[in-house]
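Chain naming follows the written order as A, B, C and D, and within any one chain the residues start at number 1.
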Amino acid sequence: MLQPLRETCRRLLQDGTVQVVIGYGQAVRAVEPYPVFITAPDDVGQLVWNEQCRTNLVKYLLRKEIRALGKPAIVVKGCDERALVVLQQELQIDRSQIVVIGVACDGMDEPRCEVCDAHQPRFADHIIGHATNEMQPAERRYAHLGEFLERPLPDRMAYWKAELERCVKCYACRQACPLCYCERCIVEKNRPACLDTSATLKGNFAWHIVRAFHLAGRCVGCDQCSRVCPEGIDLRLLNLSMAREAEASFGHRSGTDPQAELVLGSFSQQDQEQFIR
Amino acid sequence: MEIGYYPGCALHGSSNDYEMSVRACLAALGVRLRELDDWICCGATAAHSLNRKLAVALPARNLGLAERDGMHEVLAPCPMCSMQLMKARCLLSADAALQDEISAIVEVEVRGTTRICNLIQIFQQVGYERIRDAAVQRLEACRPACYYGCLLTRPPGVVQFDDCEHPTSMETLLSELGAAPVEWNYKTECCGAGMTMANEATILELGHRILSNAAAHGANCLVVACPMCHVNLDMKQAAVNQRFAAAHDMVVYYLSDLVGLALGLAPAALGIPRHFVVRK
Amino acid sequence: MARIGVFTCWCGENIARNVDVQSVAEQAAHLPGVRCSRVHKYMCSDPGQKLIRDTIAAEQLDGVVIASCSPHMHLKTFRKAAEHTGLNPYLVEMANIREHCSWVHPERARATAKAVDLIRVAVAKVRHNRALEPIQVPVTRKALVIGGGVAGIQAALDIADAGVPVTLVEREPSIGGKMAGLSETFPTLDCSQCILTPRMVEVAQHPNITLYTCSEVEQVAGYVGNFQVTIRKRARYIDIDKCTGCGQCWNVCPSKKTPSEFDYGLGTRTAIYAPFPQAVPARPVIDRDACLRLTKGRCGLCVKKCQAGAIRFEDQDELVGENVGAIIVATGYQLYEIGKPGEPGRIAGYGEYGYGRYPDVISSLQFERLVSASGPTGGEIRRPSDGAIPKTVVFISCVGSRDNAKGLSYCSKICCMVNAKHTMLYKHKVHDGQAHVFYMDIRAGGKNYDEFVRRAIEQDGAHYHRGRVSKITQEDGRLIVRGVDTLAGEPLTIAADLVVLAAAMRPAAGVEELAQKVNVSYDEFGFLCESHPKLRPVETNAAGVFVCGACQGPKDIPESVTQASAAAGKVLLMFSRDRLYREPEIAHVQESACAGCFTCRRGCPYHAIDSAEIRDRQGQLVRRVARVNPGLCMGCGTCVALCLSKSIDLEGSSEQQVYAMVESLR
Amino acid sequence: MTTPASNPPAGEFEPKIVAYVCNWCTYLGADLAGTNRLEYPANVRIIRLPCTGRIDFNLIVKAFEIGADAVLVSGCHPGDCHYTSGNYHARRRWILFRELLATLGIETGRVHFAWISAAEGKKFQQVISEITSQTRDLGPYRAYREICEICEV
């Protein structure tokens, strides 16, 4: 798998199709792979591919300093790829100006990988290796949330109080999220400071509600936020709850269909709910 | 496909030729009829002229039985039955209080969830194309006047079937089978129905009009989907002739007869020989 | 903002009864930012308003809160009052302590406490109000009228006569619409064409009117005052400038079998034809489906005959662009298609009347052609089947109208008068004939209308039967009409020679598509929605788009004409100034923060958000951001809620204001 | 200095209810309730916005932050929106947001949604009365107060 990957990247750099390749590098097995930005064909040797390549690199496409390097090629897994679809729908990237190298993935031994139905990339320009995508029933995909919701309401509140008590407002969850691309994040907006940015329980609830809902119908479940949280807060739960509702109520799975309309920003007169008097 | 079946009194009595015909014809189309266990009279014309609650309770019990046996849909070939059942269903499904009250009365849980359909609707479910393809014999030379009578399409709000004043579903089916239905004037007029016993003079006159108009428009047979209509137009045809010194010789088929014939069934299997007016 | 004046109103007893106005005023005086707090028995009265004006001046207030009734009642009043003193009207807010407080909370203590809160909220808001100036939009002083029936003609002429250029677009080859096909009109029985034709000619000759026939509106871009309209001119195959309308061509045309649209199929026409003698423009058109040359490549007799050389088989559709400031939609109506199923379940029914099966069952518009001197029978009433003169004619009202079971719940309004007219016209031509009318109710509201109906009954002896017809059958050449006379209380059967069905009025075909192009909403029946049924009857929710005539609802000629003039008036009013002034409480984008996801654009109901390009000094495109079109934004704020970075905000309900209001309730 | 907002008469618990309503339907519905003198509990504080489409999810959170015991969001019935479709966007937002609240263990029984037209003064009265009594039964929203208090020390 690694050789064809390196070869493809070398070719792309050599014939000038792209100026930079965004991929995974790794010095020693002990440390997680980190993003490398290859600009010279001879450096493709730095690229690695193994079951530790969990990080979703898509975020780096949006970085100004990376953009400055010229037309990019990016290495993605079938799951990461979905973020590209959303960015495309939200006009943040020009797909024609990006070469996507999809690598078949058999899982990165993460919980989400067990219910993954995107082992094989679908929208990539070059696909390395082969894996099969088997259908995953919704209840399996949202099982983690399902279990959590079996707890009674007060317990859930207690759980989140305990979890968010620990949040230190480092915003790593935001920095790592491939879909957090605002020029100026809402928490940096003052006059009015519409939400409390203090690193207090109140401020933490405010932030995590906003973060989760800003991803409603958008989050592609790459779990980058949970992965980078220094306090190990299970943000995945919140993302799942939005994803599940979007799928249940609007038949929408973000990042699976480039033609689909955004959940928020569109509507149907047939939208169903039970709670409005 | 399998479907619930409510024969109603007529089909187990005077009009068992209709039941023969329906069973034979549907069997040939692969429709299995599951007869409602322990069914009772639908109330017909009598109940609702006596007591409103009774008029709901009688058909409601049958609906309850159907629900108990998990039938989603029940065929009632007699339009009077299907209409009474549909009416009860409408009233019940719209009124939870009534559901409880009636359930208590008939001692069967009834919510009005089972769908009721008439004979033509079954054919529509099977699909006119499928019937045409299954047919082995074109009904050439058959120029039927399709007679719906008063109940098949009425009251429109309840039965919600076809255009209540100008239905065409029988014509469409029969033309598919090669027949040439005639355009005539009396398809939804009343034949006198229950007056047969009470007031013969009336039904003879009504019958005479219907038969004459069908003939005048070039029909060589009548097609009905109702036991009462059949009685008044077939059994009473001789009396009509006598009363009006007419010479009607109009064979009156059940819709299932003609479909059955097209499917290659023997007239006997469809009970056709039991009719009074028989083509020599 | 810290010099706020609070003005609490007693509203006589209305507020004072349940709210301790004095104590409210005292508490209000201590609210942050409040400079002074005043009370008055009737704040909206002249002395009340004077108190406000004087205090504003004396205390140099830079914000005002009126605690009285609903802003829907008096906000405008008080903002005007403030304006008189030079205080920007948008610095005035109201606290609704009457409808929302004193009138619904009889407990004085609670009501008083709530009143203070409501004022607290209003004060918190007004502290963040900004002085706003009305938005000015340049206006293209040119109007587009869609539909050349009597309504469209009236609207176009009114506007044109005021010296404003008008473009009139008509789908058919001639203007005139349904009215051109009518014989006489109620309640005066004056000949329809005699009154309409001169108006049509006026349109053709008017220097301010550009007329496009055989044309439809393809696309509408832009916004109030500045619409860019694309019009599709369908190929006419005739050079109407060269053509003299001599008629040689249609006299020689061999293809004569096409049913005439103008006669509703009662007569036929040639492939090259003028729809009717008085057509405007008085020029023929070639029916591309009927013409032997265009279909089979043969023939061409018309070309040989035409001295003017006006025939152009090579003619193509062409698109023309027009810039206009206002649009009037006057697309009119069509008849309910009797017996023919339309939308499943709803617009279907009356198969039992045999329309389309029995040639002598016709619609009321067809009857108009039978009576019209220019009609297929030259004005003699002869029935379609055998040309015999019908001695008994039955007219049936409400075919499709007022009947949920068979279609439309509404009343088509004109049919009662049309029937009465028809019975008269019939009687005047067939003296020994007998007219019957089946009706539900006679609705003859209008000047001289009821008198007219009485005349039909009393002088011309029409038999009116209150009841419905159940069925029409045909027996030996006659139509057997079976119905009921509910007044006599008995069934009624009439053997008729001709039956005329007064079918319901429905909006013209294709009106939905057009409505979507101009962003006007329409009801379940397809009639276009006015902005307010009473107070804004010809305006729509799309600024700069107006409606008149039967496209807005069933109407007779006088009403359509009235509405048309009203719409024209509105347009001229709009054009009376060279700029439009619109409410400034609209959205605006903070472009530096906008990430350009354009979710706001997807959500905007008014297509008011454009994409703007941010370029650096070298003119290099840096990125695209959202920009609000002040001419279109109606200020709903949907975009604000959709914007993740809150880079778009709404004047009058800004994030700052809203959060301040909530916070004040802490 | 002024008393804090909605000072409850001492004694029994007086719920604080914040209502975000649209200007064209529910606000006018409330006006109508007034014109018809339809009494309802004085606990509700209406905040007028142009359209339900404008009502940001964060406002619901904000209401709890300032100590509301219940929140009402109300606007035009589907199809009646003064701005043609603002309420449809709002409906979607609420369908999703309600789910998030539930996952976070926030008492959805304190977040109410209603369609109240300008003609439904009666409905406004009923809705407010219901919400108020329901909230009385639920008692003060301590859970969220605790979240907020911690930072106010």
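Please note the rule applied: contacts are C-beta pairs under 8 Å (C-beta built on N, C-alpha and C of every residue); 3 or more make two chains touch, one makes a residue touch a chain.
Keep in mind that this is a model prediction, so the values were computed, not measured.
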Furthest chain, CA centroid comparison against chain B: A
Of C-D and B-C, pair with higher C-beta contact tally: C-D
Interchain centroid distance [CA atoms averaged], chain B/chain D, Å: 57
Chain A and chain C: spacing of chain centres that average the CA atoms, whole Å: 49
Geometric centre distance via CA averages, chain D-chain C, whole Å: 37
Shared-contact residues (touching 2 or more other chains) in chain A: 194, 264-266
Multi-partner residues of chain D (at least 2 other chains): 57, 62, 85, 89, 93
Interchain contacts, given as pairs of chains that touch: A-C, A-D, B-C, C-D
Residue ranges of chain B in contact with chain C within the complex: 156-157, 163-166, 168, 183, 185, 188, 216
Sites on chain D touched by chain A in the complex: 57-58, 61-62, 65, 78-79, 85, 88-89, 91-100, 102-108, 112-115, 123, 127, 143, 146-148, 150-151
Residue numbers on chain C that touch chain D, as the complex places them: 27, 30-31, 70-72, 96, 98-101, 103-107, 109-111, 113-114, 116-118, 120-121, 521, 541, 585, 603, 605-606, 634-638, 640-642, 650, 652-653, 658-659, 661-666
Sites on chain A touched by chain D in the complex: 145, 148-149, 153-161, 194-196, 198, 200-203, 205-206, 209-210, 212-213, 216-217, 237-238, 241-242, 244-246, 249-250, 263-269, 271, 273, 275-277
Chain C - residues contacting chain A, complex: 592-600, 602-603, 624, 642, 644-647, 655-656, 659-660
